[in-house]
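Shared chain: subunit A. Partners: subunit B in the first complex, subunit C in the second.
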Partner chain A sequence: MKRNEIIVAVIMIVAGLIAPWVLPSVWTTIVSIFCYYAILTIGWNIIFGYTGLFSYGHVAFPAIGGYTSALLAEHIGLPPLLGLLAGGLAAGLMGVLIGLLILRVRGFYLCLVTWAFAEVVNVVIKAEHEITGGTGGFLAPSYVSGPNAELVGYFIGLGLMTLAFVVSAILYHSRWGLYLFAVRDDIDAAESMGVKTRFWKVFGFTAGCAWAGVAGAFYAHYFNLVDPSIGGLDEMGKVCLIVIIGGLGTVYGPILGSFFVVIVAELLRGWMGGYSLLIFATIMILAVRFVRGGFMEIIQVVSPHLKNKYLALIGK
Partner chain B sequence: MLLELIIRGITIGLVYALMGVGLALLNGVMRIINFAHGEFYMIGGYMAYYSMAVAGLPFYLAVPSAIAITFILGAVVEKLLLSPIHTQEIEKPMDYALIMTFALLLFFRQLAIKIFGPFRHKPPDYIPFDVHILGVKITGNEMLAGIVSLLLVLGLALFIKKSWRGRGWRATTLSRKGAKINGVDIGKESWISCGVACALAGAAGALVAPIFTLSPTIGGSPLVKSYEVMAIGGLGSIAGALVAGLMLGVTETLGAFYISSAYKDAIGFLMMAFFLLFRPQGLFGQK
Partner chain C sequence: MNDNSQPGSLLQARNLSMAFGGLVVFKNISLDIIEHQIVALIGPNGAGKTTLINCITGVYKPTQGNIAFQGQTISGLRPHKICRAGIGRTYQIPRPFMNMSVFENLQVCAKPGDTDFRGLLDLAGLWDKRDRLAKTLTFQERRLLELSRALAVNPKLLLLDETIAGLNPTETKEMMAILARIHSEFKITILWVEHVMSAIMETAHHIFCLHQGALIAEGCPADIANNDKVIEAYLGEEYKFQKK
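Moving on, here comes the complex of A and B:
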């Protein structure tokens, strides 16, 4: 990890710890939603941003993780904290299977296969309503019973998000990260340099899916409910939106994007009315057309100027 | 019963084929895929509704006007948003197009919710009487949708086979550089073909509008179907798309009746995943 990333992680933890005592209680829920999307999109950023696999079925994995955790809690009484692990493992295992399957396809075929997978998962969840509760959803227990349940859930979400951020930052600067970037940038060159591209593709895909599973399990136990809508097309749109707005393939991108799409949208709710998704879609179109790096690119372009101004201001 | 299911399957399959052909054309000429294809279907349906219910046009003018509007919209989208694919050098044009068209999907859907409202609309029947084919009763709307879809698909195939512009498109599909050297204006052909592809989706939406009611989110299902058609039929193959559309329509209708209606949508997906993984060139493609 670089210095800036440690600073950001510490700021996130401190701000998160202070927030429940300063802000009205509705904000713990909103920040928890922010944590869910941040974990989910960090996973997608590893898959698409780092490894270059356009997975269109990413939202199937939170559904898998959430339902696994909720079903295990219901039938064998697994505590929710272990359920997070179980959800991540289940989604990761599924990620390995799908990852091995999609080694055969490239480019947008990959997109279609993963999309088909997500839709099949969604159809199965809706159709097997005796097991999963169908469209009505399935109840999941909270982390702890009692009046503090929501606060505990919030801290768990904060911890998971920081963990996901730290892991993705370490991956970004590590040798493993370099292998993933090599697979993304030029798979043939990577292969000829001795990178085991098949392994790293499956690795990147699995890592992202496992985080998505953890996010799903967190969501299920936080809201006490998991329903098929978390695996829908609109959710995939949001994931894509968050990462593109934030900055694809960067460490901060998913956090920044989630911040805009969840928290800023909430702050501007009165002003934007029901237009927030329309506005974000417009921003996404403009970002893809003109600033392909998202907000991170803007920050990277602007920050040296600001630094110079700051240095001039303090007289250096 | 079986005959009735097959006839219904063929009717809906022809509409699927019409959607799939548009995608196949776009994939051939521009080498991109369009996630917003279903939204043009939705827009086409609404345009037909408004030209009938508000402007008071008869259906034989409403459907062409819907086609014309979606053509213009598709061409504008290509000019404004997708043209960097062939004017600037983008590192990964496929990824660019995937993200851009996906953003367009979100944009059009949200815009439609704001403009058209979340309520369901239904244009008046195009042909208000039932038709009997081989002793099976189908509505006039279904028959019209099937026949016009078939005519449009065959018309497009003929256009691509015979006309000068169609030859240019086929040349671009084979080799972009080669076509450029031989005087095909890639920029111009791109926006025309994008407009045509979107107009085909709009035509499908306008034709089935009185059968399925209209709402801003109806674009999802036809989008999925058109991808299935394209993946099964093979990229860029019109005959493949036609056969695949019929196959998909009939299999789905039979599957929904004999296996389970809850798994109706999964059938197409499993077929698509099977073809992509084990026969990626599709039914008639060569590799």
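Moving on, here comes the complex of A and C:
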């Protein structure tokens, strides 16, 4: 991890710990939703941003993670904290299977296969209503019972998000990360240069899916409900939006994007009203047209100027 | 050509055939690459030169025949295993990892823990640009980067696919000097597919000529330049005239 990333991680934790005491209580829910999207999109960033696999079925994995954890809690009484692990494992396992399935497909076809998979998951969840509760959803227990349940859930979300951020930052700077980038940039050349591309393709996909599963399980126990809508296509659009306007393939991208799409959107809700989707869609089109790197690119361009201004200001 | 390997042979191909469905690219090719030589592979467009390289590196599995490297059969192995066995390659159009820095390009190909690329990057003249993204490099620099990346895997045999195609005369000269250094300093055997005859005649120790999927001639540069079959298929009458 680089120094800046450690600073950002510390700021996230400190700000998160202070927030419930200074902000109105509705904000713990909003920040928890932010945590959910941040973990989910950190996963997708590993799949698409690091490894270059355009998975359009990413939202199937929080559904798998969420239902796994909720069903295990209901039937064998698994504590929600272990449910987070179980949800991540279940989604990761499914990620390995789908990862093996998509070894031979690339680009647009990979997108179609994963999209189809997400639709299948969605249909199965709705159809098997005796097991999953159908469209009505399935109840999941809170992390703790009592009046502090929401606050505890909030802190768990904060911890998980920070963990996901730290892990993805370590991966970004590690040798494993280099292998993933090589697969992203040119999979044939990587294979010819001694990189085990099959393994790393499945690894990147699985790692991202496992985080999505953790996110889903967190969501289920936080809201005490998991329903098929978390695996819907509009959610997938949101995932793409978050990562692309945040900065695809960067460490901070998913966090920045989630912050914008969840928290800034909430702040501006009175002003934007029902037009938020329209505004976000416009921003995404503008980002894709003018700043491919999203917010991170803007920061990278602007920050040297700011640094110079600051140095001039303090007289150096 | 006999089935026994020649002395000093690093790579042996025996009765190699490659076909994509009904399209036969080459048939029954046998060749030996002798250690420490610069071996050139020439032939008209569509003769099957790049396909042969792709067969050796494992990108394609030959339909028939066998390839042995240092006495071990390598045909049918995955490309990354063949690479680790000691065969590096470059592409006709350079394919570095565009969104990675020059240094990372070498790092990802080398063995873990191997981080001393000063020598390789100095050779390619890229040490000062080691932190730049590969996509910001010029065409020639990308080619040099690809070359040093291929060397980073520590190969015994280096396969070059038209390394000087598309370079201007000055760049060609620089590239030739670098290839000569690679051959002498790193003690690497080179199999070199090329169209620029003057460069090949100057550097190669041994030349194979491929035409319509068959090996029509092999020998030292002087023999090849005077071989009637080669002249007819590839070089053209003018070349014979020049040589005389």
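Simple rule for what comes next: the second predicted complex is superposed on the first by the 316 of 316 C-alpha atoms of A that agree within 3 Å, B and C clash if a C-alpha of one lies under 4 Å from a C-alpha of the other, contacts with A are read in each partner's own complex, and residues count from 1 in each chain.
Simple rule for what comes next: a residue touches a chain if its C-beta (ideal position, glycine included) is under 8 Å from a C-beta of that chain, and two chains touch if they have at least 3 such contacts.
Just so it is clear, the structure is predicted and the values come from calculations on it, not from any experiment.
After overlaying the two complexes on the shared chain, residue contacts for A:Ala116 are found with subunit B alone; subunit C is out of touch.
In the superposition on chain A, A:Leu85 makes contact with neither subunit B nor subunit C.
Contacts of A:Gly249 after superposition on the shared chain: subunit C is touched, whereas subunit B is not. In the superposition on chain A, A:Ala182 contacts subunit C only, with no contact to subunit B.
Counting the residues of subunit A touched by each of subunit B and subunit C gives the higher count for B. Look at A:Ala19: by the touch rule set out above, it reaches neither subunit B nor subunit C.
By the touch criterion defined above, A:Ser192 reaches subunit C but does not reach subunit B.
Within the superposed three-chain model, A:Leu103 lies out of touch with both subunit B and subunit C [touch as defined at top].
Using the contact criterion defined above for the overlaid structures, shared-chain residue A:Ala265 touches neither subunit B nor subunit C, since it reaches no partner. Contacts of subunit A with subunit B, set against its contacts with subunit C after fitting on chain A, share not one residue. The touching residues of subunit A, when paired with subunit B in their complex, are 54, 101, 104-105, 107-109, 111-113, 115-117, 119-120, 123-124, 126-127, 233, 237, 240-241, 244, 274-275, 277-278, 280-282, 284-285, 288-289, 292. Listing the residues of subunit C that touch subunit A in their complex gives 57-59, 78-80, 83-84, 88-89, 91, 95-100, 104, 107-109, 112, 149-150, 153.
Across the interface of their complex, subunit C is touched by residues 175, 178-179, 181-182, 184-186, 188-198, 249 of subunit A. Within the complex formed with subunit A, the residues of subunit B that make contact are 33, 81, 84, 94-96, 98-100, 102-107, 110-111, 114, 220, 224, 227, 231, 260, 262-263, 265-266, 269-270, 272-273, 276-277, 280.
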